[in-house]
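Following this line, the structures themselves.
Shared between the two complexes below is chain A, which pairs with chain B and chain C, respectively.
The block that comes next holds the complex of A and B.
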């Protein structure tokens, strides 16, 4: 029997493109959320702090699939009840759920890294008459970022893997395409083996990119450059 | 009606109260899948950790590769693989067992690292002291290294137990009637997703908050100097 796997490649690659876009967009959203709420959890303002803690606990404490289904199935009903159209296209629901979820994990990484910056750095910034904002943006965060990178690398791979869940709200990602082909051909072993290796390949590339980034921001460590 | 319980759609509150027992039936399945998946992860992770620690690279290198492969591929795809491919080779498992197995396999990649890190965290001076006391390698391992590694391993494993619980909803795709799946069925039939899905979120939040504080308590209260094997 001639191998059919070559015929499966074009649809799978189309799906891989969707998976890639989802990963990039949701990782970007996740990084923004991570910095906002990671810094927010250390705020002196009790309201900002409470809101940040609530965000982190809710999104870390409930399952990603629950969050995805809630945004996709339950949110439109809430909107209906208050008279706003909150029906989200699957791609928006997917990026939101993935980004908000990974952002909550990232926020804890950001908080930990910021707290690991030597207190002498804050004192020095204070002595130089920096405003708190200048200290945070110009002194603390640049030194904290290299500490975050290994954990962010793991989270990025986690996020790539999590994108597979959006196939369950009928988004045409790699897993969704594989399911379609399987329904059509019943050639499970070949399709899922290919799918596993494609995710593995994407994860290896993503890990390599994160390592490069890690080396690049490593120059921001104190005493280097 | 589901599992013999009627729902009352008069308003959101009556609906919530009437479907709580239904969700509890789903929660029971979720907890069973969590415990079984965790058990598989503990055993398989131990096997992977031992193989990775082997002297021969012919053994350790494939073990590293397998761990990396498992860790870098999605649980959902691994689950589909087991669910659709195993029967082609004559292995037909109920969906629940397939799901628990998939959870266990995914998390074995993480637990194997926990064992390894826990053992490596025991200071080198401990090994030297054991050697100076003329303890054999086996006795050093079972009576010196392992007892001191256990208090480091248990909290980390606890965190993965919580993670497994949060991944159980993925099993709904192969028809396992865990809590989220049950909530969706209720939503399909009552045309109200908001109440059941929000309740699942709330129940998860309570469970993970309780479990994480339990893990923190363990982390603080396990004896630092070690737990003997006997």
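The block that comes next holds the complex of A and C.
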């Protein structure tokens, strides 16, 4: 007779696929946001700077769970009040909340890494008559990216774990599936232990991928690659 | 040939309350090789940094190639320069930095071709040919595909010189190009600079503590102290029969420094 926990695997793996998709999409959105607002915070334009600071502070200073509930439950009602349909599918609300949240933390990472590039690099770029845009894209960011990678790795793993919150807006991720099985079987110990290991396994794989990426973008550095 | 290619006209530079350049005046003619010497903090590097548009000025006018550098001609007199004007003016100048400031994420070849391609719009093949010529000039043909960290300091600085030359500047500024090098690597960089000094069209402005080298390659020496030119003249005049007490004192202390090594 097969042990009963084997029967839990198919629904959990189905959930793991959703968790994986959420993690990939929201991390991708987060990276885009992090670059936009991390660079924006260093802009010479005071409006862009203020907007970037506001985004970063709002999303870092409020709970992810509340952001998620707000996007999923409050936004449609706000839309209704002004006559626009703002209902979001759970996946979209989940990716948005996770991505915007991770983007706010990532923006500070991007800003810090850009500021850590040696001022002599900017002087050399200016002496060679690069425009500010060419300097940012060709000199500063390529040197800042390897600097960001360890912190981005941490954020990606944190993001993976945070996806569990979307089960609360009835999105069928790994945690949601586990809850369903538990309601049905009351086998809490086995199910939650399996859940822990599955998140841990996914985090290990994610960390390994980030390590590879880190090595790849830093090939030019002394003692690396 | 008679019009100065660089003219400082009562230039004032301050950092906070500290006046670095105090109504500084001097001219440099096209093709002239001029070395600025003086104690540290005397404002010598600041002169180069103002010319490279890395530092602004608080008073006076700097002329490069007959045009104001930090100003533009407005409807009534001079107005502060726009970014477009600075961008255009910068094309005449190149700079070699004390700390080399090579781009660490690019190969030697790309360090040299990047700006000609992106800024001057040169074709990749043309930029590459030019870079290979320059690498030969500085004796680094075998190192084109290396990254800066794989080179010695002296080699890095020679790449720095090639990179600046690739933009075909009329004026080349050297900001203490050998100060960050181990003593045994100074010679190879000075050799390259000495070779360049024989190019008659290139105007060179050099800040250095290498007195013997300055004496060999310079047409003229400017001795700076406290933001002013204390004394200037041909190397023979200034090194063998300095007129001012302050100059004698400085040259004496430099001699002690060299002998102490």
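As a convention for this text, the second predicted complex is superposed on the first by the 217 of 225 C-alpha atoms of A that agree within 3 Å, B and C clash if a C-alpha of one lies under 4 Å from a C-alpha of the other, contacts with A are read in each partner's own complex, and residues count from 1 in each chain.
Note that contacts are C-beta pairs under 8 Å (C-beta built on N, C-alpha and C of every residue); 3 or more make two chains touch, one makes a residue touch a chain.
The shown structure was predicted, so the numbers you read here are calculated from the model rather than taken from an experiment.
Of the two partner chains placed by superposition, A:170 touches none, neither chain B nor chain C. Contacts of A:183 after superposition on the shared chain: neither chain B nor chain C is touched.
Of the two partner chains placed around the shared chain by superposition, chain B is the only one that A:65 touches, whereas chain C remains out of contact. When both complexes are overlaid on chain A, the residue A:162 reaches chain B alone and has no touch with chain C. With both complexes superposed, B is the one of chain B and chain C in contact with more chain A residues. Common to the chain B and chain C interfaces on chain A is no residue. On chain C, the positions that touch chain A within their shared complex are 52-54, 87, 90-91, 93-95, 97, 99, 101-106, 114-115, 118-119, 147, 149, 163-164, 167. Touching chain C in their complex are the following residues of chain A: 118, 120-121, 123-124, 126-131, 134, 138-139, 142-143, 220-222.
For chain B in complex with chain A, the touching residues are 69, 71-78, 80-81, 84-85, 88, 166-170, 172-173, 180, 184, 187, 192-194, 197-198, 200-201, 204-205, 208-209, 212.
Chain A contributes residues 57-58, 60-67, 69-70, 73-74, 77-78, 81, 157, 161-165, 167-168, 175, 178-179, 182, 188-189, 192-193, 195-196, 199-200, 203-204, 207 to its touches with chain B in the complex.
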